[in-house]
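Paired with chain B in one complex and with chain C in the other, chain A is shared by the two complexes that follow.
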Partner chain A sequence: MSNHQQLTDSSKNKSILKILEPIGRNLGLTLFAMFALFPLVWMVICAFKSDAQMYNTVFVFQPTLENFRAVLIGTDYFKAFFQNLVVAGGAVIITVIAGVPCAYALARYNFKKKEDVAFQILSFKFAPEIMVILPIFLIFQKVGLYDTFFGLIWVYQLITMPLLIWVVRGYFEDISVEVEQAAQLDGYTWYEVFFKTLVPLIKPGMVAAALLAFIFAWNSFTFPLILSGFKIQTITITALRYIASDTVHYGQVAVASTIAVLPEVIVALFIQKHLVRGLSFGAVKG
Partner chain B sequence: MAQLILKNVFKRYDGQKKKMFQKKKENDFAVKDVSYECKDGEFIGILGPSGCGKSTSLRMMAGLEDITAGEMYIGDVLINDLQPKDRNIGLAFEDYALYPPLTVYENLAFNMRAKKKSEQEIKKAIDYVAPLMKIDDLLNMKPPALSGGQKQRVNIARAIVRRPGLLLLDEPLSHLDGKMRQQLRQEIKRMHHEIKCTTIIVTHDQMEAMSLADRIIIMKDGEIQQIGTPLEVYDDPANEFVAGFIGEPPMNLMSSTIEKQGQKFMFTFEGSLLQVEVPRRYNKIVKDQMKVTLGVRPVDVLIAKEEVSSTPVPVAVYENLGDERRISVRVGEMLLSMTTPDDVYYEAGQKVQLIFHEERTHLFDPETGERIRV
Partner chain C sequence: MFGSSTKKKGGEINYNEVPAHIRRRPYYIIAPGLLILIGILIPFITAIFLSFTNYSFRLPKWGFVGFKNWINMFTSKEFYHALSVTLRYGFFATAAEMLLGTGVALLLKKDTRYSRILKVLFTFPLMVAPAIAVLIWQLMTSNTVGVLEKVLNIFGVYNFPWAASHSTALFTAILIDAWVNTSFVILLVLAGIQSLPKSPFEAAAVDGASSWFTFKTLTFPMLKPFMYIALLFRLMAALQEFGIIYALTKGGPGDTLMNISLTGYISGFTYQKLASALPFLLVLWLLINKTAQFLVKRQRYLAQQAAGK
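Up next, the complex of A and B:
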């Protein structure tokens, strides 16, 4: 083969590659998306099936709203939904109020055992919830926090606080101290310095961490299962109720789960860009 | 507009320190018994190597550090316990410290908005300052889009837009490259000429201090070494440190033993045959076998064109820098360098005879480093 032919051959190969590459990439991504999203799809399908059709795998069936009627009208599902919102939202609000100053202190001040404190906070996330649930349960019963909003919100800090503190701390460390001092010289009081100069700078990280914390809190199962009773029910617990002693109403479980997932999906779609940039920016440098 | 007075100011950092304020750990004084007075409208340069307490002094003036002991006045007001915002100062930070989410205009307006000035007043003030610092084109941009030099212009503009009584510049040029540095240096000078505000610049670059300041304060280890006009500190250094710190290339400082030969006193150097006559004005104070440190600037060392009494020594290094020529001679362990604008050429090894400029040959006490004066 002559050199010339080789050249045209290889350039031909290249142009074919150029076409194949995006196709292959998209195909791979589609396959992965199908694989990853399949449980969600299956859940939605189940929600529209009647109990009788539950155990077959045909995709063509008579959709029914029976399950929705049973869950939304027949039970106090909305109450659980609302209560979950209160608990998860409350937990995140307290986390932001307490965690941002905490992150600031960890980033700016030097005190004894600073790194140990920071690591201790992070370590709350290492321990499985089941490990601490029994003592917490006993304590909650004794002090009257069992089955209260406050009790749940408090214990949710274990889930939400470490994440926010570590992300926001990284953001604070990236801001030069001189920016604060400049604002001080400009005549702003400490809280104005904080809200006018620092908050806008940490906002991406704070929002991303708070929303992620919200999702974690929303999904929490172990804590509300053990630490709440009849008064307060989160939707993760409520879904269990459709497992009766004689039969499991998979359709109703699917409806409860589908609706429970909605806020998370909406939140995640809204903040997708924010989330990736916000978390990676702070975390890598922190 | 105001004068600044420091009276016996001390600064000591505690052993355990907050991270936000500087790095030094030692339980020692960062600033020791510093007193001076800056007149209204004067441009003062605080010069010294890193860690000499110059930035700390500045931060105490700004109110970002406590004053451990002593008194500081701006005008007639004791400012020791005044909040930074009440001191009427402008500080340009080394790292610019602009607010990234705000545009340049908003950055400049930030301070005046805190003081609840009207938008008209703010606009007027910025319209005055922006052309002065040549940032009129940048007003709508945000700091991340600016170059280092532009950021520093904005930073200085922000410090002067509030019309401070005292303007503090903390190493404003240290992060810029050579050409930008020179340009901005001239602009700072011009700016000071225009607004005539008492200005203090902290720098470790002696060129900056020499060219900008009306008076220079040279500090080392928290203590003032000398205060004087640029010419004074150059021509009449108070001690060995100042002599070695000011001037580029630095002053030749060589330890020498004085020997009496007949009626004359001669400088002799260990490990070298070089002997140079001691200037006559020192005759009353020098003794035979006295040890001194001899200081002479490279421009004040001359190569004799005719026969003189000093010993010929071989040239060690010859460098042609275009506008000047540097010639170095080995004297024992040390190199004695000289510069000359004359277009001369010497081979390495060629013998030359040296003459020291009599008036500008300084003696220092080798123990204390203090200047020995006649």
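Up next, the complex of A and C:
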């Protein structure tokens, strides 16, 4: 009897588990989704609230564009947005021009100290930013690179270059060397091989890596905090001013944040497939 | 992982039997990229040099002072406090993100429409700059306009101090850090889950192994290399976190959140005593570098083990 009893008990347990399992799973996911996504939702809600509504309403309110007007018109936030675009975009362009060949050489050629060079490039990723930036500040002031586009774009290479080189190197390694040899046999010179056969093959991955590098550069806080002054303002630094003043206009804080986050969310949607590989510097081929 | 190309010798062009000008080609190709980065390395060497001087942005004259800055640092309370904040922040932020991220990744394992949508949505916080993340959380935690205050009021908690109090500032900073970065762990562990081979799990199911046993002996060991990469990236970043803490309280209240990065910034940049700030930052660099080296080695070993070598 007891044997039979146990059997039905355990199968009953299993069927209960089968019902409970998806409920528990979706509950857990929903809880985390609230943590991960609600702050963004709340930010957008706050962006449309007037100063008065900010204090006495939660979800039901009369949406207004007043905050957008206050942040975008007659302030330097728009200028910061544009300058951030120039600095981050410029940094990525330089990185692609100098970094993709570098990635190719590290993937294909076998030369002395190759792994050392690759590791050295990676180690920039793990160097404390403040440690690197304080001496650079000193030198930039001496040579006149402080608060210039050129100076910032150069320093941003520390963010964008290691990422691009390591990720794109992985994409090059994925291409069989026979593809190249076939093209060489057809009489292509080495740069024709590179531009006509290899670049088209790695293009999706390369573009994704460049876009991710752009996001990292866009988000950089430490570098512009120390190396830019009155002339160049980036969005991360300028946005902080909205919270620093004595009378905080939370609606404007929300608008400033929304504008800073929006381009990144859009980019993230485009590079979903390559995100894991990019974020892990090619270590995980998701 | 790192250094994967060494295994693929067959996939490389062997240029050893070709003329010297072609053999030198890889060096020409990497030169521009390397020069750009090495140009930035010069200040780094300057840093070590300057840490033995009394250089300050304010004084026109400076000279060597030997190990004075280093001795000052090791005998100051400030240093040990900063080290403790750095380690606590690094440990708790990384631990929270690893546990939460792995847990959520396991929940996302089953492929449903809900989980597919969430996978995309969860990448959004990851894109947010630390400083902007702090702003977003100010909107959440403000005692006047924040929605969390209203939620806590329901539970009878009023005026929760968040970043304004000694006892909750570290928690608040780590909460924001976890909001941004937990998704990173989720993505990496999910990539690991997707790469799992099917047959061992089928065998375990046939043998009637419990799900806990399967997780302990199969899933977890095979996910370990992926978790190590997540751990490596998160720990290295958390040990030198600057943006979140600076934007949140500038190291305050008092010196509650003054980790080594913040201490170095305040004494080097705000007080303009560069030379005395540099030893702090060099110690941080050493700490991060050594930890990274250790983790990379360990990760390689685990990846080989998981691959059955």
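Just so we're on the same page, the second predicted complex is superposed on the first by the 230 of 286 C-alpha atoms of A that agree within 3 Å, B and C clash if a C-alpha of one lies under 4 Å from a C-alpha of the other, contacts with A are read in each partner's own complex, and residues count from 1 in each chain.
Convention: a contact is a pair of C-beta atoms (placed from the backbone, for glycine too) under 8 Å apart; a residue touches a chain by one contact, two chains touch by 3 or more.
Predicted model, so just to flag it, every value in this text is computed and none were measured.
Enquirer: Kindly classify A:Phe137 by the partners it touches after superposition: chain B alone (first), chain C alone (second), both, or neither?
Expert: second
Enquirer: Is A:Gly99 touching the first partner chain B, the second partner chain C, both, or neither of them?
Expert: Once the two structures are laid over each other on A, A:Gly99 reaches chain C alone.
Enquirer: Between chain B (first) and chain C (second), which does A:Arg169 come into contact with in this model arrangement: first, second, both, or neither?
Expert: Only chain C is touched by A:Arg169; chain B is not.
Enquirer: Is A:Gly28 touching anything from chain B or chain C once the two structures are fitted on A? First, second, both or neither.
Expert: Touch partner of A:Gly28: chain C, not chain B.
Enquirer: Looking at A:Ile202, would you say it contacts chain B, chain C, both, or neither? Reply first, second, both or neither.
Expert: Touch status of A:Ile202: no partner.
Enquirer: Based on the superposed arrangement, let me know which partner A:Val261 touches: chain B (first), chain C (second), both, or neither?
Expert: A:Val261 sits against chain C, while chain B stays out of touch.
Enquirer: Looking at chain A, does chain B or chain C touch a larger number of its residues?
Expert: If we count touched residues of chain A for both partners, the winner is C.
Enquirer: Is A:Ala118 in contact with chain B, with chain C, with both, or with neither (first, second, both, neither)?
Expert: In the superposition, A:Ala118 touches chain C alone.
Enquirer: Does chain B (first) or chain C (second) touch A:Trp42, or do both, or does neither?
Expert: second
Enquirer: Touch check for A:Thr236: first (chain B), second (chain C), both, or neither?
Expert: Touch partner of A:Thr236: chain C, not chain B.
Enquirer: What is the shared patch of chain A, the residues that chain B and chain C both contact?
Expert: The overlap between the chain B and chain C interfaces on chain A comprises residues 108-110, 176-177, 180.
Enquirer: Name, in rising order, each residue of chain A that touches chain B in their complex.
Expert: 108-110, 112, 176-188, 192, 197, 200-201
Enquirer: Can you list the residues on chain C that touch chain A in the complex?
Expert: 1-6, 8-9, 11-15, 23, 25-27, 29-30, 32-34, 36-37, 39-40, 42-44, 46-47, 50, 57, 100, 103-104, 107-108, 110, 114-115, 118, 120-132, 135-140, 142, 144-145, 147, 150, 179, 182-184, 187-188, 190-192, 194, 226, 229-230, 233, 236, 240, 242-243, 246-247, 260-261, 264-265, 268-269, 274, 277-278, 281-282, 284-285, 288-289, 292
Enquirer: Under the touch definition given earlier, write down the residues of chain B that touch chain A in their complex.
Expert: Within the complex, chain B contacts chain A at residues 16-20, 62-64, 84-85, 89-91, 93-101, 110-111, 114-115, 158.
Enquirer: Can you list the chain A residues touching chain C in their complex?
Expert: 25-26, 28-29, 32-33, 35-37, 39-40, 42-43, 46, 54-55, 58, 94, 97-99, 101-102, 104-111, 114-115, 117-119, 121-132, 134-139, 154-155, 157-158, 161-162, 165, 169-170, 173, 176-177, 180, 190, 215, 218-222, 225-226, 236-237, 239-240, 242-243, 250, 253-254, 256-257, 260-261, 264-265, 267-269, 272, 275-276, 279-280, 283-286
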